[in-house]
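This is the structure, below, for whatever I ask next.
Note that the chains are named A, B, C and D in the order they appear, and that numbering of residues resets to 1 at the start of each chain.
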Amino acid sequence: MHCLVERIAQVMMLAIFVFVILYKFIKATSGAPVPTIRALPPLDAIKEAIGRAVEMGRPVHHSMGMSQLTSGASETLVSAAVLEYVAGLTANTGADLIVTIRHPEVLPVAQEIVRVAYVKAGKPEAYKPSMIRYLSSTQWSYVAGAMGIMQREKVAANILIGSFAAESILLSEAGNRIGAMQIGGGSGFGGNLAFLAVCCDYCLYADEMYAARAYLTKDPIQIAGISAQDIYKLFVLGLLIIGLLLYRYTDWLYKILSI
Amino acid sequence: MMYLAFIKSKQIPLAITVIITIFMLLEYYYPEPIVKNISKDIRDWSVIIAAFALGLGAANLLRVHSQNIQRRTKDIWPFSILLIFTLLLFFGIGVIFGIEHPAYNWLYVNGYLILYSAVFSLISFYVITSFYRAMSVRSLESGLLIVCAIFSMFRNTPAVISIFPYLDTIGSWLLDVPNAGVERAAIITTAIGVIAFSLRVLLGRERAQLGE
Amino acid sequence: MTMKKNTVLKDWLRARATIILQIFLCLSVALPIIKPIGLPVPISTYTKGVYEIVESIEPGSIVLFTNDVSAGGWGEMASPTIAVMQHLFRRPVKIVFVDFFEDSPILTEIALNKVDKDDKVYGVDYVHLGFIPGYEMAIAMFAKSIWTAFPADYHGTALNELPLMANLKDASDFDIQIETQTVPAVPTSFMLQHIHSPYNVPLVVLSTAVSSPGLMPYLASGDISGITIGVKGGAEYEILIKTPGSGAATMDAMSTSHLLLITVLIIGNVFYFIKKYRRP
Amino acid sequence: MVDLITSSGIWFGALLNIFIWSLVFKENRFYRFAEYMFIALSAAHFSVLGVKSILTTGWIPLSTGKISYIIPFILGFLLYARFWDNWRWLSNWPIAILVGVGLGLGIRGAVDVSIIGQIKSTMTLAVFKNPVQAGNNILFVIILISVIAYFLFTFALKGPVGRGYYYLTRLGRLALMAGFGIALGSTVAVRLSLFISQWIFLIRDFLRIV
């Protein structure tokens, strides 16, 4: 267990973040102008990919990623937010949508999102529950199923945004082989994300993924959240530089850290 | 009528999420026995709820595949029969006789585990074709990526290392300095992204989980 | 005429590039396994260090071998695990095997079956205690009291029937710990926190290539006494103990397949540039 | 009898393995057989484990007097409310609990290990023993700062500062790509070692060539 000082430091770091984000929210609600987010080409490309699928008359595949709701919740929810956008587009353009799911508790979330998107587009009759397919909870059985579906149904757009481990290479290269336009995205960093970056036409890296919903909806309050996140990043950067200088030129910090 | 509309609204699930999150945080920052016990119970509950969700998954599989059989979907419906049959058989053995039963064990070891490593090792086949097709020098960025990948692969080629030992030094340096620097930056920014995203969910701005 | 033939051949090759590449990959792996080439393997200082540590364990010492390899990681970790186990069985020491990950006990048994045990007797010279669930909690409990954590060994024998266990009460009774590590569920930091720091047991880690960079700071600070890295470390260890196992063949296959991949990468780029700059 | 069971198992497993690997040529009926088999086995296995965990984590505490454990059972059944349109809204409640647990665990890990832990270990880079280490540490910190700068989304600066910021983010992007290359190269080795061990099994244990 951590000592008291460490716990207080952690709570303070969290509290500062909550404060910054609340401040930005309140300011944005009162109508202050919000900054623009820099371009994220992968998210712009989703529209193009779905348009291409409509032209070719082939379906769109969206994977909800490998994480659950109880662990890696944020990655699953980002994937869900992108799914909302994708389902809205497929509902409006009439493209077929296939959503593949690994963990069963993600299934009701995805079903609800797609259903609501089709109702909002005024086409509730076009929504079919079998668009969302559970491919069982083992990592590799999910991958086997998803690769089978991609190759059998000849998907034209392949959207892999979420958390992906070793299977990133299988899913993205399988999409490459059938000539699908691919948009990838994953948090963190490592060899698995690197394969996604190499094999997909567009890819969201690390933190970019969490800005997806704000970028897609252009909701000023959400963009205010992104701007708060940037301020916090600068704050951490500042802490880092101050820490480096103090560690170099004083010795009390060294003593504290070595306890 | 007004009460019902409130209960049906999305505010209650949101409130539940906020309360549960706060308990999870309290357990970490204020580890008193009472808080710890409650949050342990909550985690147990989440395990049970997630287990109940498996029924939804099975229902989805049965629905999709019985549709396939009904409509005689070309080239697929016989396999759908196989899927439903295997599912019910394996589940039946497991629940009625327990997972220690030899029949269950036979299917687990010779079916499940073999398939598991078979799909896992498919990766290598896909690595080589992606190297051929997807990794070409289109820009400065992709050029840098490929050059670094080659040097880092030399490090894992023992025959080359024993002839040119300095390639090992270059590979280790790449791993220890540039790669570690990028990785640390990605960890920090991703963590900030996760916290910001979670706070937006808790403040009710991201409601994907509620189907909105 | 020759022109036409040429394009036919090219089209045929282009359509089958995927399959040809995959066949090459299989050959580059299978041939060295069937007939090992014996490509040179340089021995790193890390592996040499671990070898010297094991070689210098005092006779009669008790070694704690914690195996936390997952089924998926066994491909990489089989060679170092078996090699170090084999070395331990040749030394006059007593060994206790424990598993803190659910996949590991069966892998420990597989490894024990492959090792030549000389005249060591189960229960007297070595014991396999098996697996207890709980990861970090399990490790903490084991360190405090072995007998509460494990009422019986892997085969169901009660501990008081095993002579080796008679004098083992908590983690301070071990002279050195060797750990294999592949899963994030049981990281090395748990071992440092619950066994190394409170009971002052030196720790040697057999690590995967992926997690080794994360362990380097501990090695530098002296918390970890030695480390072997991935299948490479296993192959080097097999050379040091002069017992060829799967590691040596793996090293040959590793060399050939990596060279193939690098060649493919370069050829692919040459084709890309030819296509880009040739006038139509 | 025992031999028959064992050898039939090896043949069954080997066939399934070959069926899966046949995907590298083309999607075909054999692959589909193995794929559907795998999905069924995995779904059934996890359902069996689910039933077991409902019994051990839920039913045993409940039957020994922990009344509060009735709650997850009710919530678990509420998941199925979505099959009736009038009660669909109720199925959001159990989901809300799962999301709450997930977010809570995510936040505390992020603050502790990923932010404070990383800052702490970066600080120690400020002290170095020799010029080589000094160069490495300075490069490390520059890369770290430039990649963090690349991940800023809402800054549009003008003038000379803006130009400096542009070059910093450009450096960050290049470093990111180099990092991807290095990570990719070392991941390949891990994937190949699994592939090689599969071949060792196939050649030495199954075919017994060597």
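The working rule: contacts are C-beta pairs under 8 Å (C-beta built on N, C-alpha and C of every residue); 3 or more make two chains touch, one makes a residue touch a chain.
Keep in mind that what you see is a predicted model, and the values were worked out from it rather than measured.
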| item | value |
| --- | --- |
| Innermost chain, taking as reference the mean of every protein Cα atom displayed | D |
| Among all chain pairs, the one with the most C-beta contacts | B-D |
| Most distant chain from chain B, judged by the mean position of its C-alpha atoms | C |
| Interchain centroid distance [CA atoms averaged], chain C/chain D, Å | 21 |
| Cα-centroid distance, chain A relative to chain B, in whole angstrom | 13 |
| Distance from the mean Cα position of chain C to that of chain B, given in whole angstrom | 25 |
| Multi-partner residues of chain B (at least 2 other chains) | 25, 28-29, 46, 49-50, 53-57, 61, 76, 112, 115-117, 119-120, 122-125, 127, 129, 133, 135, 145-146, 149-150, 153, 156, 175-176, 180, 182-183, 186-190, 192, 194-195, 198, 201, 209-211 |
| Multi-chain contact sites of chain C, meaning residues that touch two or more partners | 18, 22, 72, 209, 254, 258, 261 |
| Where chain D touches two or more other chains, by residue | 20, 23-24, 32, 34, 38-43, 45-46, 79, 92, 95, 98-99, 101, 103, 105-108, 111-112, 115, 119, 122, 141, 144-145, 148, 151, 176, 179-181, 183-184, 186-192, 194-195, 198 |
| Overall pattern in which the protein chains touch one another (line/ring/star/complete/other) | other |
| Each pair of chains that touches, named by its two labels | A-B, A-D, B-C, B-D, C-D |
| Partner chain A, residues of chain B touching it in the complex | 25, 28-31, 46, 49-50, 53-57, 60-61, 63-64, 67, 76, 112, 115-116, 119-120, 122-123, 126-127, 129-130, 133-135, 145, 182-183, 186-190, 192-201, 203, 205-206, 208-212 |
| Interface residues, chain D side, partner chain B - complex | 5, 9-10, 12-14, 16-17, 20-21, 23-24, 29, 32-34, 36-48, 50-54, 57-58, 61, 68-69, 71-73, 75-77, 79-80, 89, 92-101, 103-108, 110-112, 114-115, 118-119, 122, 136, 139-145, 147-148, 151, 172-186, 188-189, 191-192, 194-195, 198 |
| Chain C residues touching chain B - in the complex, by the definition given at the top | 17-18, 21-22, 24-25, 39-42, 71-72, 209, 213, 216, 232, 235, 251, 254-255, 258-262, 264-265, 267-269, 272-273 |
| Residues on chain D engaged by chain C in the complex (per definition of touch) | 24-25, 121, 186-190, 192-200, 203-204, 209-210 |
| Parts of chain B lying in touch with chain C, wherever the complex brings them together | 113, 116-117, 120, 124-125, 127-129, 131-133, 135-137, 146, 149-150, 153-154, 156-163, 165, 168, 175-176, 180 |
